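Take a look at the following structure, please.
First chain written, first letter: the chains are A, B, C, D and E, and each begins at residue 1.
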Amino acid sequence: MKSVIEYFKGIYNGIKSLLVGMSVTGGYFIKPGTTLTQQYPDNRDTLVMFERFKGEVVMPHNEKNEHKCTGCGICEINCPNGTIEVISATEVTEEGKKKRIIDKHIYHLGMCTFCGLCVKTCPSQALAFSQEFEHAVFDRTKLTKVLNQPGSKLMKGVE
Amino acid sequence: MEFSIYDFSSFTAWIDQSLRASMSPGLAVAIEMLIIGVVILIFYAIVGLFLVYAERKVCALMQNRLGPNRVGPGGIFQTIADLVKLLFVELVPIKNADKILFSLAPYIVIIASFMAMGALPFAKGLHAIDLNIGVFYLMAVSSMGVVGVLLAGWASNNKYSLIGAMRSGAQIVSYELSVGMSLVTIVVLAGTMQLSEIVQAQQYGWFIFRGHIPALIAFVIFIVASTAETNRGPFDLAEAESELTAGFHTEYSGIRFAFFFLAEYINMFIVAAIATTVFFGGWMPFNVYGWEGFNKVMNLIPPFIWFLGKTGALIFLIMWFKWTFPRLRIDQLLTLEWKYFLPINIINVLIMALIVLLGWHW
Amino acid sequence: MEVKEKKVGLENEEYIINMGPQHPSTHGVLRLVVALKGEIVQRVEPHIGYIHRGIEKMCENLTYQQIIHLTDRMDYLSAHINNEAVCLAVENALEIEVPERVKYIRTIMSELTRIQSHQLFWATFGMDLGGLTCFFYGLRDREKILDIFEESCGGRMIVSYNTPGGLMNDIHPNFQNRVKEFLKYFRGVIHEYDDLLTGNVIFQERSKGMGVMTLEQAIAWGLTGPTGRASGFSCDIRKHNPYSAYDKVTFREILYTEGDVFHRYLARMEEMRESMNIIDQLIDNIPEGPYTAKMKPVIKLPEGEYFQSVETARGELGVYIVSDGNKNPFRVKFRSPNFVNLAPLNLMASGSKIADLVAIGGSLDLIIPDIDR
Amino acid sequence: MTNQALILFFLVGLIFVGVVILFSGLVAPRSTSPQKFDPYECGIPTKGTTWLQFNVGYYLFAILFLIFDAEIVFLFPWAVVMKEVGMVAFIEIVVFILILGLGLAYAWKKHALTWE
Amino acid sequence: MEKSQLYAAITAIVPEAVTAEGKQFPEVTVTPGNVRSVMGRLKEEPSLSFDILVCLTGMDYGTDLGVVYHLRSYTFNHMVVVKTRIPDRENPAIDSVCSIFPGAEFHEREVYDLLGIKFNDHPDLRRLFLESTWGYPLRKDYKDDVNIVLK
C-alpha cells in the first residue's frame, strides 16, 4: 500500500515540477520585452564600448601629427608574444647630437593577446588601446600594422 | 450554386458534378485527383514552412531572444531562404553506406506523413479520405515514418546513427501502445472509428469535456506519447544532439536532411490534428450550453479556422514541452511507458467503458 | 587434437565509439574513446592533448609579469583566479604585502569569476541533458558579469587584470554600483535556475545516483572543487588556507555526501549563492589606497621553490614555481584541477549509459585548455 | 474513391521527394575530396565495422509490445460496438485485460521492465 | 601541528631520507628506489596521514632529472614536499606511486610524456598529450627550431 501511495505521489510531484518549469519558459514567452538581443550591425552607430575595452593597440597622434613614442623599445621587450617590433632610426638634432627616433612601430595584431603590458609599461604613454573590435580581414597581412603615421614626429617635451 | 465556408460537402459535390457533366468519368476522377494532389501538396509545404518558422519564433521568445528577423518582415521568409540554401547544398555520398536504403529513407518518412495528412478532417466535407476505420488508419500510417528513421540510421554506416535508429525503434515499440490505448478510450466513448463521425458526435460537447476525467487522462497520455512518437524533445533520443551529435540523420546533407526536418514538423502537425479531432471536437466551434449569444459568435468562425486554431494551440503545447524539459534517458523512457502509461491507460479504458455503460458521461 | 574454441557472440563484441574531439557535449576538444555494449559504457578512455600548447615550457622563457597572460588561457572561465595564483606565488616569494584594497578587489573579482563560471556550467549542463533553454538563461545572466569585467579590466573573459604586486589598473568608478546591481538582479532570477532544472523530475531522475564517487575515492584521486565537495571532501582552499581577503569574510563550505552528478550540480548552485554572500560582505568595505604595491620593473625571485594553491571555480589550482634567481622562472608547474578531475572518468562512467556519460562529463565541468595546458 | 486517394497520396509524396532530390542533385555542387565521404565520427576515422551484432536490450520489450499491440487490435472492435453489446462484453474484456495485466505484473516483478 | 614539530615527526618516520625544513613546507629528499616505501609510510602514519597527492611535478635540473611530490593531509591540512633525483638521463626510471595514490596515474603519464621518466609498475604508461615521435619537450636540452622561437 505504501508503495502505491509513493507511486501516485511520484506522479503528482513529477507533474508539478514539470509545470513549474513550463511556467518559467511560458512566462518569458508572454513578456517579449525582456529580450536582450542587440541588432548588431544595425546599431553600429550607437554602440559604445567601455572606455577601457582592449580592442587593439594604437599610437595616439595629435592634430599636428605628433606622437609620444621615443623608440625606446620597452614595449617590445615586455611583449610576451613578439607582437611588437620597433625599428628605430637615428636622427641628428640641431645641436649636432645623434638621437634615436622611431622609424616604424610595427604591431602584429594577429599575435596580440591583449595582455596590456606594452601600454602599461610604456614610459611616455605613447601607446593606448582603441575601442575598435571589428578586426576581421580577408588577408592576413593586413593584420600587421604600422602604428606611427607616415611623416609623424615626436611630440615636444617627451624624452 | 450556393457555397458556404461552414460546409464544404456541397462545394466538393458541385465540383464533382460539373466535372462529370463536361467529360468522361475517368478523366473527371483524374482531374479531381490532380486537384486534391496539388492542394494537399501546397498545404503540406505551407504547413511545413510555417511550423519551422513558428518553432523558431516560439523557442526564441521563450529563451529571451528575438529569433529570425532579417529575411522579410519579422523574418517570415527565413525558412524559405533556408530551404533555397538547402537545395543548393551538396548531397554527400557516404563511403560504404547502403546506397539504396540511404536514399530510400527520406521517401518513406515523407510518404508516411502525406498519407496521414490526407485522412485528416479539416472541415465538414473537406476531407480527402474518410475511412470507416480512420483512427486505425492514422495510427498505422503515422507509425510508418519510424521505418524511415530506422532505415536512415542503419544505412548511414555511422555508429551514432545506428544507436539513434535503435533508440528510435525501442521508442516506437513502446509508445505505439499508449497512442493506441488512449485512442481506444475515445473510440469507446464515440462508438465509431470514422473520423468524420467522431467529429460529428462532438457537436454537443467535445469529448475531453464529455468524458471528463478518463478523457483528460487519455489526452495527457496521448499528447506525451505522440510527442515521443514524432521524436521530438524531450523524447528526441533518436537525435539526442548532445549524445549522438545528430543521431539518425547525422550523415544526411542538403535537401535529404531537409526532408527529415520537414517530416518531423508535419508529423507534429498530424498528431496535434489527431488530438484535435478526437479530443477537441475537430472543426466544431466552442459552444457553451445556454449561452446563446456567445454560441452564435462562435459559430460565425469558419470550421477550418477552428480546426487549425485548436491544432495550433496543441502544437504550441508540444513546442513548449520541447523548449522547457531536459531529455529523458532511454531507460526512463521505457519506464515511463511500461510502468506508468500502460497500467494507467488500461485502467482508464475500463473506467471509460464503465462510464459509458452506466451513462455517466455528459 | 584440441580445438581451441573461438568465442563468438555478443559477449565479445565491443562497439568502439569516439566521442570528440568534434562533439557537442565534450565542451572543447576532449576525445573520449568509449567501448559500448548496447548502450552500456564498458570503458572510457580520455585522449587529450589536442590543444596542448606547452604553457609550462613557454613560461620558462617569460618574465613573471608575462606569465600572467598565459594563465588566462588555461582555465579561461577562471581567468582571474588563475592570475591570482601566480601573483600570490610571486608575492609570497618576494615577501611583499599587497595593499588591502588589492586584496578586497581580487576577492570580489574571484567570486564574480566563480559565479560566471558556474552560470556557464549551469547553461551547458542543461544543454548536455537536452534542456536547450538553460543555455540562453545562463549566458544572459553571465553577460552582466562580463560587462563588469569589461568595464574595469578591458577584457571580458581573458582579463589579465592581476599583476604581481597588485592590479593592472584601479577599478572603474562604476564598479561597486554595477556589482550591487548585478547581485540584486541575480538574486531575483536564480530561482529560475531551480525551477527550470533543479526541481525538474526528469533532471533529477537523470542525475541522482549517477557517477558516484565516495569520500575515500575522492581523496584518493585528489578530486577538488565542487566535484570533490559533493563527495564530502572538505577541500576548499579558501577555507583551509585562506588567501587574499578570504580570512575577513564568513562563508559556508558547501559539502554533500552523496557524490553523484546531482550533488555536484547542487554544490555549484549553492556556491553561486555563497559567492554572492561573500561579495555582499566586501563590496561596501573596499578600503582606499593604492591599487598596486611598489614593484621593481624587473622581478627576480630569490632562488628557491614556491607553491601556492588557490580555489578556482573547478577546484584547487596549484602553482609550483622553481626559481634559480633569474628574471625567468626555472620551472613552472600548474596543478590544474580539471586534469585531476578527468582522471577518474572511467571509474565513474563505466557501467552507465551513453546519456549518463554525457551527464557525468558535464558534471565534472571540464575545461579542456586547462587539462592540456 | 478512397483507395484511389490512398494511391494518390502515395504518389504525390513519391513525386514530391523525387523531383526535389533530382533538382537538388542537378544544381548542388559536387566535391571531390575523399575525406568528405567518410562517415562522421567526431573527426576520427571509424574503428572497425559499424554493422556489428549489437546488443540493444529491448528484445523483451519487443515481445511485450507484440502482446499488447495485439490486445489493442482486439480492443478496437469491442470499443466500436460496446454500446450495443453492453455489460456482457465489458466483463469479458475485463477478464481479458486482467489476464494481460497479470502478464505485465509478472514482467514487472521479474524486472523485465528495467532496461539493461 | 607546528612546522618544526611536523618536521621532527616526518624525520622520525623516514630516517633514510634527507630532510630539510624548507621555506614553505618540510622537504624530504629520497632516492628513486625508496619513493614508494617513503610515500606509503607518510600516508599510513596516523599522526601525519598525507593522503592527498596534490601535485606531481617532473623536473629537469639540468644535470639530472627529478620528480617532486606535494602531499597534503586531509585531516591535519599540512603539506610536505617529497623530492627525488634521477641521475640517469638516458634511461630514467622511478617507481610508480599509482598503487598508493590512484590519482597519480595521469600525473605520471604527463611526466613520462614531457620528460621521458619511466614509472615502473604504472598500469597504463603511454604518452598523454603528444605523439610518440615527439621528443621530451620539458627537458632543458630539448631543441625545436620550428615551434620554439626565442627573441
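The working rule: contacts are C-beta pairs under 8 Å (C-beta built on N, C-alpha and C of every residue); 3 or more make two chains touch, one makes a residue touch a chain.
Values in this document were obtained by computation on a predicted structure and should not be read as measured data.
Think of each touching pair as a link: the shortest run of links from subunit B to subunit C has 1 of them.
When the partners of subunit A are compared with those of subunit E, the chains appearing in both lists are C.
Note: the chain lying farthest from subunit D is E, by mean C-alpha position. Taking each chain's centre as the mean of its CA atoms, E is the chain most distant from subunit B.
Just to note, of C-E and A-B, the chains joined by more C-beta pairs in contact are C-E.
If each chain is reduced to the average of its C-alpha atoms, the one that sits nearest the average of all protein C-alpha atoms is C.
Subunit C and subunit D have Cα centroids lying 44 Å from one another. The geometric centre of subunit D is 58 Å away from that of subunit E, both derived from CA atoms.
The distance from the centre of subunit B to the centre of subunit E, with each centre set as the mean of the Cα atoms, comes to 64 Å. Computed centre separation for the pair subunit A/subunit C is 24 angstrom, with centres defined by C-alpha atoms. Annotation for subunit D: residues 41-42, 54, 56, 115 touch two or more other chains. Multi-chain contact residues, meaning those touching two or more other chains, occur in subunit C at positions 15, 17, 23, 39, 133, 140, 196-197, 200, 202.
Residue positions of subunit A touching 2 or more other chains: 18, 21, 24-25, 36.
Residue ranges of subunit D in contact with subunit B, taken from their complex: 1-2, 4-6, 8-14, 16-18, 20-21, 23-25, 27-31, 36-42, 46, 50-51, 54, 56, 58, 61-62, 64-65, 68-69, 72, 75-76, 79-83, 86-87, 90, 93-94, 97, 100-101, 104, 108, 113-115.
Contact residues on subunit A toward subunit B in their complex (touch as defined above): 11, 18, 21-22, 24-26, 28-29, 32, 34-37. Chain contact summary for the complex, subunit C toward subunit E: residues 48-49, 52, 54, 56-57, 61, 92, 219-223, 233-234, 240-241, 304-307, 309, 316, 318, 320, 322, 331, 333, 335, 339-340, 342-344, 372.
Subunit E meets subunit C in the complex at residues 22-25, 51-55, 57, 59-60, 68, 70, 74, 77, 79, 81, 101-103, 105-107, 110, 114, 128-130, 137-138, 148, 150.
The residues of subunit C lying in touch with subunit D in their complex are 9-10, 13, 15-23, 31, 37-40.
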